[in-house]
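For clarity, chains are labelled A, B, C, D and E in written order, and residue numbers in each chain start from 1.
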Amino acid sequence: MPELLRVDGLSAGYGEAVVLQDVAFSLDEGETLALLGRNGTGKTTLINTLAGATRQHAGTLTLAGAALHKLAPHQRAAAGIGWVPQERNIFKSLTVHENLAAVARPGKWTPDGVYAMFPRLAERKGNLGTQLSGGEQQMLAVARALVLNPRLLLLDEPLEGLAPIIVEELLRAIRRITRDEGLSAIIVEQHPQAILAISDRAVVLDRGTVVHRGSATELRADQALLDRLLGVAR
Amino acid sequence: MPDHVLTCERLVKRFGGITATDDVTLRLERGARHALIGPNGAGKTTLVNLLTGVLEPTSGRIALEGEDISKLAPHKRVHRGLVRTFQINQLFPSMTPLQTLALVIAQQRRQGARFWQPLGRDEEVVMRASQLLEQFRLAEVKDVPTEHLAYGKRRLLEIAIALACEPRVLLLDEPVAGVPAGEREDILQTVAALPADVSVLLIEHDMDLVFSFARRMTVLVNGAVLTEGTPDEIAADPRVREVYLGHGEEAHA
Amino acid sequence: MNPQRSLLAASRWRWWEPLLWIAAFAAPFVLPRHAAIVNEIAITALFALSLDLILGFTGIVSLGHAAFFGFGAYAAALLAKHFIGDPLVGLAVAVAGSTVLGAIFSLTIQRGTDLTRLMVTLGAALILLELANKLDWLTGGADGLQGVTIAPLLGRFEFDLAGKTAACYSLAVLLVAFLLLRRLVRSPFGATLMAIRDNRLRAMAIGIPVASRLSAAYTIAAGLAGAAGALLAQTTGFASLDVFAFDRSADTLLILVVGGTGWLYGGVLGAVVFKLLQDLLSSITPQYWTFWLGLFLVVLVLVGRDRLLKPWTWVKGKKSATSGRSHA
Amino acid sequence: QQAPFKIGLILPMTGQQATTGRQIEAAAKLWMAQNGDTVAGRKIELIVKDDTSLPDVTRRLAQELVVNEKVDVLAGMGITPSAMATAPIATQSKTPLVVMAAATSSITEASPFIVRTSFTLPQVSVALADWAPRNGIKNVVTLVTDYGPGLDAEKFFKSRFEFNGGKVPESLRVPLRNPDFAPFLQKVRDLKPDALFVFVPSGAGAAVMKQFGERGMDKAGIKLIATGDVTDDDQLNDMGDVALGVVSSHHYSAAHPSAANKKFVEAFQKANKAMRPNFMAVGGYDGMRVIYEALKKTGGKGGGQALVDAMKGQIFESPRGPVFIDAQTRDIVQNVYLRKVEKKDGQLWNAEFDVIKDVKDPGKSK
Amino acid sequence: MLTILFDGIAYGMLLFILALGLAVTMGLMNFINLAHGAFAMVGGYITVLLMQKAGVPFLLCLPLAFLGSALLGGVLERTLYRPLYRKPHLDQVLFSIGLTFMAVAAVDYFVGSTQQILHLPDWLRGRTELGEGAWTLGMGHYRLFIIAVCAALTIVLQAVLTRTRFGARLRASVDDQRVAAGLGINVNVVFLSTFAFGSGLAGLGGALGAEVLGLDPAFPLKYMIYFLIVVAVGGTSSITGPLCAALLLGIADVAGKYYIPKMGAFIVYTLMIVILVWRPQGLFVRQGGKA
């Protein structure tokens, strides 16, 4: 598979504060990457930097051979980035349908297509963003990223607040999308096991730097290493 | 006869065409550790909003300690010990955790109308606030305005506020969402360790936590109560598996 | 820091505060030429201070605060004209009157967005203005209420032409109001107001009676605004319809925002800056001074109030979180 | 070398009354340019202040001028409340206050140091109420702005007109802030009087006339009669043909046919980018004359009481015609002219066609 | 009767046209732009000066007024307004009032403080009367013209906002600039074009309103209250809300002043307070029913 994303020497932060330092990794087309790490180590910052929502201090980002870091945020969506922010950030004065329609780009995924995936959203089509339950907002955030028809999905804790059965379905769907449609995804999660099970690669961050890079299956198998990397004392 | 602290009877809430709460009858025993689960959009948050008076029910009745509180203003329900947390943080951005907790405690002790002495003059208020700060690992950020806190800390403050209200009945709406796995148990430990006569209703999608915490569970689907029972009964119920729990193992990691 | 000390830190006096007040009271004597404008600044500052209580600390925006200012002014003027000229009695009556009015009007500001509050308060003030215009047998209508003679302050100090007595009187009332509010906003009561401002939903959920707190804050603010109005009427011996005017409410809002809301000194600082600037500019170019005032406001916002008005923050950086909250 | 003689001129220079200030300031400066800035050996110094039409500011400015600048005379006063608020300062400090614009009748009673060189609304309204019945107008609806001067105009017009045998079936009052005159004019139209009497502050006049025309009131046989504020010289030219034929009564028209006025208008227009002087300007111009003459009379000594005494009883030929400062009321006595808007050399003018001589302020006779 | 109704509608439409730009910048963009009146004034002066000095026909002046103020709005948006979207509302108030003060003084300096008077072409000046007696309907041509322009604008605008994605993209950008940009919306362009459009509408309103309201440098301050009332009562989430509010207020004001002239000034304010206390979000709120 050809390489889709390459991150090199990336550092980023908020104002003066540097959060990410010299982060590097790469991802092939159709692959899923699990991004793990303790609270506050910069996972969200990394995702947001890829989406163009956080200021990048140094480094290069290459998406399918093109220099992603030179693009303005709104151009990155066109280049193939689909972003699910951690706090969901549903547009609150738009209806569910408008939330999708406002950002949709031509391609395989249409609003109707994602309604089939999340029937709950179809039922709530006319509700305003503020009138959704927490889980519904989460579904909408994922759906909204899909209708961008991206090549790379950035999912920041997409399972938070979802019912177990939906989690199961969503994980299956992500697997299907990446396997069958050649999409790539970067997923941040608090529950490493669930995510590693469907990932190809894993990157672990600690205090803004990459402390582990490797195969997801291997990491999943090595519980001791995982615990050490994530600082879980058991 | 069981001693019911909070009951709601035939509660209905409609938003336009949507029935978010559909004829719900729920009884919370004194000292209960009760979990409320159900698919997304089942109406769990709505139910909490109805119980605490944020929303007005379309019909139905709510009673606290046997007394009808359906028409009572939200803050008066708090005075009677009915306290909640919010699924999405509701904090006071410009105040520090210390100020926030001191305020909540002062208000809880009916000092909210005192205008002649500074907040913090009352030693007991300060003591209790410091205690909570320690307990929720907020002591080192006690003087940082809430708007500058990291998400995890804000989540902790959210729960600390509820406890500062000295609840008799505590309604927790996904209290540990966004809290790292390691700290989740700690928080629920704190809650579980509340005095035995405090009743707790927990809403949560993390089944490990729910099953370790709850002694009784209610399942809500499409606004209506599907079933109620002990954790074992619920876990074994095929209908619950069908609509909520699913079958896979990943979800329980 | 020990929690109690850090809680009480907000209510502690800072070294510059007594100096500031001493300077204020010295002003009419050191600069007797400018006693009149000191008086005007003190009145404006008091008015802005009262607005700060509802805007800065409680989060109620108002474009109609002049309703209470005007009511206080007419109450004091009418009392002096028809009954007794003693200024302190007049002040007390005006404060009582506008407090009652504030309590009544507070019913209208309970719900709604900022915009609706702006408009409801504005409407109330304009209705009072029209009323005062229509009741010309009582208020003198658009010509204003003349023949107001104010007895000497405390029976001893005559209101002199240079305005020294007036300035001291207004400053004293300002100081009293300031001390009162200083206590109030740092008390548990004040903290509940700020909680409502920050997050009404949560405030309710911790048992704060939001509606009655809003009313209480609005009522107190109304009383203080009435005091400011009374001072104006007493120190000028005159009341006219413009005390209710939209411009007065709007100017005061500007003054408060210039100085910074939620800080108590914002109103004072804003009044000093705004009035002096206006006086200075309009004596340089009576026709086009509004241009320069406008430019000042634009620059103020673009550069940032903190950096422009509090240059010492350039060096110190932002240190304390309790002083100078710059937005509502 | 004597100390300069200071005149504190407080006017609205910004805001909605700004034109008042501009006209008066220009006229005062013109007077000084024409008559030199030294009188009886004393240099005249003019200090202009903007009060933004806020009476408390007017008062404070007056206070400062008196205390700090030690001005010898206060002057200006764009609106009635400003004059009223300043009156006690004049009394207390014994400083003459020359009112150059504000027109409510009672102003001169507010202080024995007030002298007025503008006019009063009763003066001009009454003149119109005398003229109308003689010219076949028996039935008039009044329309005034709902504030002091408007009420004065309404009251005096109505009582004199009824005294003269006319009928006033309806008196309409328009709120001060009123963007649209349609409902009032429609009401008038439905009442079908012989004429509509209007007083609105200058500025709103054009709108009234336009909407009067637009509503076809003239075609329905209703005449428009007004006080001169409505056909303000300052704006008359811009109003265009809708103003043609409007009859108004006032004490000054830029078209007043006298040599003194011709000279005044020419000089004024030359000095002010062709701005036409209006009744405000003439009030300022004459106010300056009154001050100059009084100073001369006191031999350059000045002194509050002496100046006021010297102002009382002055008789002179103003650009508006002969005028007289009544020694008792300190108010101006002047001719009131009836004028009709006409076009001359492509410009619109208030051409005078009748005069009522030596009108005292009727407001004082109560 | 009918005439009064007609006048009320025309007056309401005039209020609406003047407030429309504000409904766009304040309602849709959530920017408290009190300088709205200044843009309207600019449009008015463009029209008056072009007609007086250059003899440009009135109908041509209208689009020019729109373009002129839109251009000015666009330039200001790029240079001054942009950093302010994120600032607190009170700062926006301060800034835009400051700008208004400057505009007032500048116009005074360059054009003078006298009232400017617009001379309409003859075909807009007349009046048509229909029917007889109590049912007479008298329609001023200019008022008819205003109603027509206003109706056309409403339809176009409503179509743009509901038929195209622009409305949704705009509201999305207002709700959350950062995320909107991250999801592919060019926020800067959306804001720039909306602000310019809003300013243009203000200019057009000023051009159309100058005839009835008069035009002098104090214009932006004098009528600010009216713009605000319309937007507040109408609610800030649509175009139809302010339209209905303007019509309601216009008719109530005109009819009130006709039938009970003594109550003149009280009517609008009382009506406003009653409506806002009854429906604090304004008459029309976006409720998000069925899609």
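As a working rule, contacts are C-beta pairs under 8 Å (C-beta built on N, C-alpha and C of every residue); 3 or more make two chains touch, one makes a residue touch a chain.
This one's a predicted model, so the numbers in the text were calculated from it and none came from an experiment.
The minimum number of touch steps separating chain B from chain D is 2.
Between B-C and D-E, more C-beta contact pairs join the chains of B-C. Set against the C-alpha centre of chain A, every other chain centre is closer than that of D. Put simply, the C-alpha centre of chain C and that of chain D have 37 angstrom between them. Rounded to whole angstrom units, the spacing between the C-alpha centres of chain A and chain E is 44.
Note on chain placement: the centre of chain A and the centre of chain B lie 30 Å apart, centres being C-alpha means.
Chain geometry summary: the mean Cα position of chain A and that of chain C are 51 Å apart. Looking at chain C, residues 130, 247, 287-290 sit in touch with two or more other chains. With touch defined as above, residues shared between interfaces to two or more other chains in chain D number as follows: 14, 18, 22, 146, 175-176. The touching residues of chain B, when paired with chain C in their complex, are 52-54, 73-76, 78-79, 83-84, 86, 90-96, 98-100, 102-104, 106-108, 111-121, 123, 126, 129-130, 133, 142-145, 161, 164-165. Listing the residues of chain E that touch chain D in their complex gives 3-4, 7, 10-11, 14, 104-105, 108, 112-117, 119, 125, 127, 129, 138, 140, 142, 211-214, 216-218, 221-223, 225-226, 253-258, 261-262, 264-265.
Those residues of chain B that touch chain A in the complex are listed here as 15, 18, 37-42, 44-46, 87-88, 150, 152, 174, 177-178, 180-182, 205, 207, 243-248, 250-253. Chain A meets chain B in the complex at residues 38-40, 120, 124, 127, 131-136, 138-139, 157, 160-169, 171, 190-194, 197-198, 231-233.
Every residue of chain C that touches chain E in the complex is listed here, in rising order: 55, 61, 108, 111-116, 118-120, 122-124, 126-127, 130, 246-247, 250, 253-254, 257-258, 261, 287-298, 300-302, 305, 326-328.
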